[in-house]
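The first chain written gets the first letter, and so on, giving A, B and C; residue counts start at 1 in each chain.
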Amino acid sequence: MTLILQLGINGLLMGGIYALAAIGLTLIFGVMGIVNFAHGALMMLAMYSAYWFFTLLGIDPYLSLILTVPLFFIFGGLIQKYIIRHTLGAPPINQFLITVGIMLFIENAILFLFSPDFRAVRVDYFGAILSIGELIISLLRLLAFAIAVGLTGALYLFLKKTDSGRALRAVAANKEAAQLMGINLNYIYLMAFGIGVACVGAAGTIVSPLFGIFPHVGHLFLLMAFVVVILGGLGSFIGAFLGGLIIGVVESLCTLFMPGSTKEAFVFSIFILVLLFRPSGLFGRGG
Amino acid sequence: MDLLRIANLTKKFGGLVAVNGFNLTLEKGEIGGLIGPNGAGKTTIFNLISGYFKPDAGEIYFSEENLVGLKPDKICKKGVVRTFQIVKPFFNLTVLKNVMIGAFNRTDHPGISEKRSLEVLEFLELSDKKDYPIESLTIVERKRLELARSLATQPQLLLLDEVAGGLNPSEVEDLIAILRRINKDGVTLLMIEHVMRTIASLANKIAVINYGTKISEGRPFEVLKDPNVVKAYLGEAYQIAEDK
Amino acid sequence: MVLLAFFLILPLYLDAYFLHIMIMTFLFAYLSRSWDLIGGYTGQNFWGPSAIFGIGGYTSTLLFFYFKLSPWLGMLIGGILGMIVGILLCYVSSRFSVKGIYFGLATLTFSQICMTIVLNVDAFGGVNGVLLPLIKGNSLFQFQFHGKIPYYYISFFMMVLSIYVMHYIERTKSGYYYVAIREDEDAAQALGVDTLKYKLIPTGIGCFFLAMGGTLHAQYLLFVNPDFFGLPFTIEMIIRSILGGVGTLFGPIIGSFILTPLSEISRGFLGGYRGVHMMIYGVIMILFMLFLPRGVGTWLEKLYDYLESFFEGKIRFSG
């Protein structure tokens, strides 16, 4: 029983990070209708940037967030402005290919520059734990979770309370009506993509002390982000958040029953089942 | 025998009753009209007849066969074809190929399909544009194309959704002449219209809908003077001026 | 005709390296051409062709490995199996209204599921896949040859076959219906097109060919492994079609003739620098989506039309 609880908590903590990554993906889809296949690669990029900040400049990954988040926001904006913008009206397959193209470029650029060797961010407090009864909670994971949830909360407030946030939601709801209200779509798209990439950049930075870092690590997170987003509903913030937590827990519990990478097949199957029986996910529109 | 007999047709979307116990009969060769304010449920009725929606209650008999539950392509095979209010041409095909898709409803041979399509295009005076891409067509020509495509399926009943929308008066006259000829060739028509001129000159009988319910039915001149109809369109304050 | 003769004679003058490039070019042209029937011509968001490709490769290889069944027969069986799987994917999605991006994601995920399955089931070879025993000399029965030339002719033949089949389809009623479905499903239905049936058929045909392509690839490389199911193969197939002109007869072929030699040669020169040739791939994909989304084929078509009208004086003298 404790084992289940233990796994559940670990899963929940990891889920917070999945949630943050997924929120970025769902925001981009909700506002722009684009499925960003480069999302995983961007997260990997953030992991590398956290590594280099840590290794070269001695900056703790969680502190480097202050630099990473704005940097990734700008990077996202640039990608949107120079690449994504031109495919907005195109058929899904074009968007698929262009974002895959970005993914290929980023992943292989990193591969070329930094080799396929594993890297790790070893912070001093790596081993710190908290014991509650028989449960052992890694403080690092707890910190990661807390920051991820904190950022999620901040984003939520931004969307709910600020004019820009409301404008984003308006465009997601009905972009023609939003335009008629005087909202500048190009500006919104820039912001949406920028925020989306900033989210996944934050997620990557946050997760960097917890995972081995290598060029293709993004694939796993891309998959997870997709499953979370479909489960929660494409375009739904709450859906992505809760979906992230759920998938985190489910993935963790899977290690009880399934060896190695079969848990991936399980997660995929959830994905397909959701698509079949409840394509709009828990909270989403569309399907 | 009635060609089309709609009995007690009802459709709800959540709490909203879009179509409420609608009845209508049309005999072979008649031209029927369906009018009413925007949002009254007219296109929903077309969607129900042509199989895009499933009704919550009621029957739709076409030559004594119940259409309810059949998919749109089966209904088309049986002889009921609809046009769309906002035209839906096959953009990357030429005019001729667009019509051929329709003609394939009654034949399997591309050669025959092409021949019949050319005839239809001739009839609708679009022959000179047969190899043109859709983007080069004006909205009037696109509406003609929509009509041609549907005609090519060799329907017995044609459901026309606002075919006159957006046409200027002289184009409306041309359309009326074309529709008359189609009807003379044996096709029964049911038209949704806002352009009263079209409906008034063509229809044998008109049904008026408001908020999903039929509020009036009869010959055009009767219906258009019915106070209920005036009220529905213009509100309580208005009345049709009496002829002196 | 001249072109045909050219390609038939060519292998006598090429060395192994260029023969390899041609074989891969033909193979991917064939695969891309087959995918294009489903994804380009009929407009279905089929993003998992590697699943079918892998099913074909694994079926024939496993049947040979365990039952000594000739890979030719295995190819046929694999083709049928791939066809059934494709039809099921299409049918189930249709029943559950999984369309557009969602269908794309579902088929993509399906290919990943297939990969995970073969990775974890030892009988299917696991991580290393299944190796075909190398034999000395040629064996028609075992679908294995000593030099590259037989593979050249086989892949060339398959490519030509796929072109011929497509050419035939284009001129039938079914072909017209597939395009109508691509353009506007609702309008097609109103005109009597049974959209389910006319989605299942091209999917079945395309998948039949895709699966057989898997066998050819396996026999040429002498192994199958989980990578057959991977996203990279899917991308290779789709991108050639888009590059050359999606939905056109020769688009995928042109796409393969441009991209495959480029890819193989750059891998040769730059493969030593890990990742560079894939970076270039990424850039090519991005550039094409930005500037030539309808592919080279349509651009060439426009160029040809322009030149034609220029020479006929249509452009000079207007009105």
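Simple rule for what comes next: a residue touches a chain if its C-beta (ideal position, glycine included) is under 8 Å from a C-beta of that chain, and two chains touch if they have at least 3 such contacts.
Note that the structure is predicted; figures quoted are calculated from it, not measured.
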Chain centres computed over CA atoms; the one at greatest distance from subunit C is chain B
Taking the mean of all protein C-alpha atoms as the centre, the chain whose own C-alpha mean lies closest is C
Measure off the straight-line distance from the CA centroid of subunit B to the CA centroid of subunit C, and report it in whole Å. 43
Rounded Å distance between subunit A and subunit C, as computed from the means of their C-alpha atoms: 32
Between subunit A and subunit B, the Cα-mean centres are separated in Å by 50
For subunit A, residue numbers touching 2 or more other chains are none
Applying the document's contact rule, which stretches of subunit C touch subunit A when the two form their complex? 39, 45, 47, 92, 96-98, 100-102, 104-106, 109-110, 112-113, 116-117, 119-120, 231, 235, 238-239, 242, 246, 273-276, 278-279, 281-286, 288-290, 293
Write out the stretch or stretches of subunit B touching subunit C in their complex. 50-52, 71-74, 76-77, 81-84, 88-93, 97, 100-102, 104-105, 107-110, 113, 149-150, 153
Which stretch or stretches of subunit C touch subunit B in the complex? 171-173, 176-177, 179-180, 183-184, 186-195, 247
Listed in rising order, subunit A residues that touch subunit C in their complex are 35, 83, 86-87, 90, 92-94, 96-98, 100-112, 115-116, 215, 223, 226, 230, 259-262, 264-265, 268-269, 271-272, 275-277, 279, 287
